[in-house]
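When the chains are written out, they are named A, B and C in that same order, and each has its own residue count from 1.
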Amino acid sequence: MTTRLSPKLLGTLLVALALLVAPLTLGGEEYVLRVLTVGATYAIAVYGMNLILGLTGQLSLAHGGFFGIGVYVVGLLTTDYGWTFWPSLLVAVAATAVGGYVAGIVALRTREEYFAIFTMAMGFIIFLVISRWESVTHAHSGVSGVKFPEGFGVLDFSEPVVMYYLVLLFLLGAGYVTYAVRRSGIGRTLVAIRTSEDLARSIGVNVGLNKQLAFAASTTLAGLGGGLFAAVQGFVGPSAASIDLTFEMLMFILVGGLGTVMGPVVGTFVVLFLFEYFQDFEAYRFIVLGPIIVALVIFAPRGIVGYLNAFADARRSRSPGGRADATGPPTGELDPPPTTTPAGSTTETREAL
Amino acid sequence: MTLFIQQLFEGLALGGVYCLAAIGLTLVFGVLRIPNLAHGALYMLGAYVTYFFLVSVGVPYVAAIGMAAVVLAVIGIALERLVFHPLRNAPHTHHMIAAVGAMFFFQSVAQAIWGADFRRMDSPITGSVTILGTQVSWQRIVIVVTAVLVLGLLTWFIKRSVHGRTIEAIEQDRTGSSLVGISPSKVSMLTFGLAAALVTIAAGLVAPINLLSPTMGDALSLKVFAIIILGGLGSLPGAIVGGFALAITEVMTSTYVSAVAGEVVAFVVIVLVLAIRPTGLFARAVQR
Amino acid sequence: MTLLEARGLGKHFGGLHAVQDVDLDVHPGHVTAIIGPNGAGKSTLFNLLAGFYRPTSGTVRMDGRDITGMSPHRIVAHGIARTFQTTSLFGDATVLDNVLSGRIVRSRSTVVDAVLHTPRHRREERTNLDKAMEVLEFTGLTEYRNDLAARVPQEAQKRVSIALALATEPQLLLLDEPAAGLTEEETEGFARLIRRIVDRGVTVCLVEHRMSMVMSLADHILVLDHGREIASGTPDAVRTDPQVIEAYLGTHHDDGPDHNADSNSADHNSADHNSADKNTTGRDVAGRGAEKGGNTC
C-alpha cells in the first residue's frame, strides 16, 4: 500500500502544469502565445475526434467541416449581425450539436465504411457551401472583425493571456469529460462498439443510437473549438472548414494516441511545435504529412500517450502483488488495439502467449 | 429538344468516364473490403501523368493515355504493397486513415510538381459531328466508344480469363480461394493495378474537357463513391448502371436546375441510398 | 409455464428456407438442446431467437411478451443472452472489463451521471463491479481478471464469453456450440458449469454436436433437419426416433444421437445411468471412448 503517485497521474499533472505556466515563460512573445491558444482550440476539436474515432471507432471525415461551422457561426453572428460573443458561441455549439445528431441518423443505419464515405461527402458539402455562398459567408474573402468574448469584471478577454486561459478552461473541460466517459459504462459501450458491433449488440448495446450520440458529441466539440478559434484569430476564411484541417487533426490524434485522455493535448501541441520548428519547410509540410499519417497508422497506431500508457501498465503488472491480488480498483483502461492483432473479438486459435 | 439531346450525349460521355473510374473502386472494395479513399487522387495523378506524356514529352494522345495507365498501375500496386498490405489485419478505420494519408501525399506531390493552378490539356481530337440535329464533339464520342470498348474487354477479362476470374473468386470467398491456391496478395495487387489503370484512362479521356488541378480528384471521389454505393459495393454491373445513372442525372440537373445543384446530386444520392436501401441496387451476396 | 415460446418460426433468404415452421418451447429451469446435422438451420434458429435475423414468418414470445422481430439489444434487455460459435469476447480488454461490459444493459446512469460523478453513478459502478466479480467467481475466472482476454487460454476464453453473457442477468442463455474445440475433460467441465448455471436460475438452451454432452445435459431436445423440425422430446425419445436416425445416417455423421448405443454395449448402462441421473453431467464413461472419433462440428 504505497502512496506512490501513479505514472499516468504524474504525466497528466506535468502536462497540465506546462500548459498553465507556458504564457508566463514566454516573456511577452505574443506570436507564440497566439499559436498556443489556437492550438488549444484545435485540441478541443481533437477531443471530439478522439471520441468518435478513438473510442467509438468510426472515422468521420466531416470533422473539419463542423469545426468550420463553429468558426463561421461565431464569425458571422458577431460581425454581420452584430451579436456578442457568448450567445454566438452558444448558437455555434447548438448548431453543431443538432447538425451532428441529425446527420447521425444516417450513422444509425450504416456500417463503418459507409459512415466514412458519408462523412466525407458531408464535409465536402459543408466546405462547398461555406466557400461558395457569397451572400452569406463572404466566400473566399473571409470574415474579419470577429469579436472577443465580453469580459466579466477584471477579466478582459481581448488580452491574449486571458483569452488563452479561457480556452484552456474549455480544454480542461473536454479532457475531463473524456476521462469521465472512458472510465464509465459509457466508455465501455463505445469501446464495445469499436471492437465488434455484433458482440456489442449481443450484450444489449443499442449500437445505432450510441453511434449517433457519440457523433453528435464529437461535432459539438468541433463546433466549440471552432467558435473559440474565430474569437482568437479575429479573421476567418474557408480554409477553416476544409478537409485539410480534418487531415491535420487526424495527424494530431494519431501522434497523441487514439482513445486516450491526454492524447489530443499531447498530439496537437507536439505536432504544432514540429510544424513551427520546421517552418522553413512549410512547402513540404503537406508532402510529408501524408506518409507520416500512413507510417503512424502502420507502425505506431497507439500514439505517444498510448505507448506510454502501455509501458506504465506493463511495469505495474510486473511489480510484485500487481497482478492477482486486488490491491487497487480495476483499471478500466480501455486502450485501442495495436495493428498487428486481429481487431475483431473472435479468437479461434489458441494463444501461445 | 436539341439541348436535351446534346446534354444526353454529354451525360453518356460523362457516364463512360464515371464507369471507368467507378469500376476500379468497386473491384478494390470487393477484394479488400475497404473503400479506397485515395482513389480520387489516383484519378488526378492519372490526368497529370497523361498531361506529362502528351505535353512535356510529346507522345500522341492515345499512347500518352496508355503509358500513363501503365505508370499508374505501378503506383497502384505500390500503394497496395506499402500501405494496404501491412494493414491487412488492422481495424478498417486504420485502412481508411492510411488511404487519406496517401491521398494527401499524392495531392501535395502533384501540387509541388505542377503547381496549384489550373492547367489545360488539349486533345488532338477536335471538331464535332451532327447527330440527330445536334452538334456532338468528337471527343465525347471517343469517350463513349472507348468506355464501351474498355468495359467490354474488362468484362471478358473478369469472366473469361484465368486471372480475371481469380478476382471474382477472392471477392466471393477469400479463405476458400486461398485454399485452392489463389494468392490473395497477387489478386490484391492485380486489382489495384487494374483499378489505377482504368481510372487513368477515364482521366485521360475527360481531361481535355475539364481543367486539371491537384484537387480535381476530390469532387470525383465523392461521385465515384456515390456510384458504387448506388450500384452496390463490389458489384460490377452496379458500377456501370450507377455510373451512367449518376452522370445523366447530374448533367440534366445542372442544365435545368443550376450548376451547384448538379454538384450536390452525388451527395443527395448517397444520403438517399443509405437511408432507403443501404446495400445498393445490385446488392452482392457478400453482404451479411 | 413456458419461458420462451416460438411458433411457426421461419426464415428464408431469397429462395432458400433456412428455417421453416419451427415450434419451440423452452421451460424455465430446463436445459433444451437443439441438434441436427450440419446445415440443419440450428445457428439460423439461434440468430432468429436472439434477434440477429428477423423472422420471415412465425412468432416468438418471451415470458408471455411478444418479442418477434425485436432487435438484438432489446432482446437482451428482455432477458435473453447468447454466445457465438466462435469464441467472442473483447480481445483487447481485460477479462474483468469484458464482464463489466456485460453490465451495460442493466445500468441506468447516463453520461451526465458519469461526468458529474453523481452518487447514482458511484453506486452503480460499485454494484456493477460486485456483480462482475461474482460472475467471475462463478465461472472460475477470478485469477484471470486483470489479464488481457485474448491472452487467456482458449478454454478460459470460452468461459469469459459465458461470463459476459451471464453478466447481463439473463433469464435465458443461448449457448451456440459451447464445447466446440474443447477436449473431453474440458467438455465435462463445461457440462458441469451449465448445470450450475441452471441451478442458479438461468434457463439454458444450447446448440451442440457433442452427443455425450447433449444426452446427459438436456431435459428436452429439438431436432432440426433442412430447416424443419423432425423430432422433439426427451433424449430417450429422440435417440430412438427413426426419422432422427435417418437424418444422421443419411449425412454420414458419426456423432449421431444413437452412436453410443450402436457401438458399445456398455452404453446401454450408461444410457440408463444418464436418464436416471440428470444432475450429474458428462459422466458418459463408456460413450466417451466411443465417440472420441469425429466430433468436431
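Throughout what follows, contacts are C-beta pairs under 8 Å (C-beta built on N, C-alpha and C of every residue); 3 or more make two chains touch, one makes a residue touch a chain.
Just so we're on the same page, UniProt names per chain: A = Amino acid/amide ABC transporter membrane protein 2 (HAAT family); B = Amino acid/amide ABC transporter membrane protein 1 (HAAT family).
Note that this is a predicted model, so its numbers are computed, not measured.
Chemist: Could you tell me which chain lies farthest from chain A when each chain's centre is the average position of its Cα atoms?
Modeler: The chain lying farthest from chain A is C.
Chemist: Chain with the smallest distance from its CA centroid to the overall CA centroid?
Modeler: Chain nearest the overall C-alpha centroid, as shown: A.
Chemist: Roughly how many whole angstrom separate the Cα centroids of chain A and chain C?
Modeler: Roughly 42 Å, centre to centre.
Chemist: I'd like the Å distance between the centres of chain B and chain C, where a centre is the mean of that chain's Cα atoms.
Modeler: A distance of 48 Å separates the two centres.
Chemist: What is the distance, in whole Å, between the centres of chain A and chain B, each centre taken as the mean of its C-alpha atoms?
Modeler: Inter-chain centre distance comes to 33 Å.
Chemist: Which residue numbers or ranges of chain A touch two or more of the other chains?
Modeler: Residues 337, 341-342.
Chemist: Tell me, which residues of chain C touch at least two other chains?
Modeler: None at all.
Chemist: Under the stated contact criterion, what part of chain B meets chain A in this complex?
Modeler: 29, 33-35, 37, 82-83, 86-87, 89-94, 96-98, 100-109, 111-112, 218-219, 221-222, 225-226, 229, 233, 260, 263-264, 266-267, 270-271, 274-275, 278
Chemist: Within their complex, state which residues of chain C touch chain A.
Modeler: Touch residues, chain C against chain A: 50-52, 71-73, 76-77, 81-82, 84, 86-94, 96-97, 100-107, 109-111, 113-115, 117, 121, 124-125, 128-129, 143, 145-146, 150-154, 157, 164-165, 167-168.
Chemist: For chain A, which residues are in contact with chain C within the complex?
Modeler: Residue positions touching the partner: 176-177, 180-181, 184-186, 188-189, 191-192, 195-196, 198-199, 201-207, 317, 323-324, 329-332, 334-337, 341-342, 344-351, 353.
Chemist: Any idea which chain A residues touch chain B in the complex?
Modeler: 53, 57-59, 61, 106, 109-114, 116-118, 120-122, 124-125, 128, 132, 194, 243, 247, 250, 254, 283-284, 286-287, 289-294, 297-298, 301, 337, 339-343
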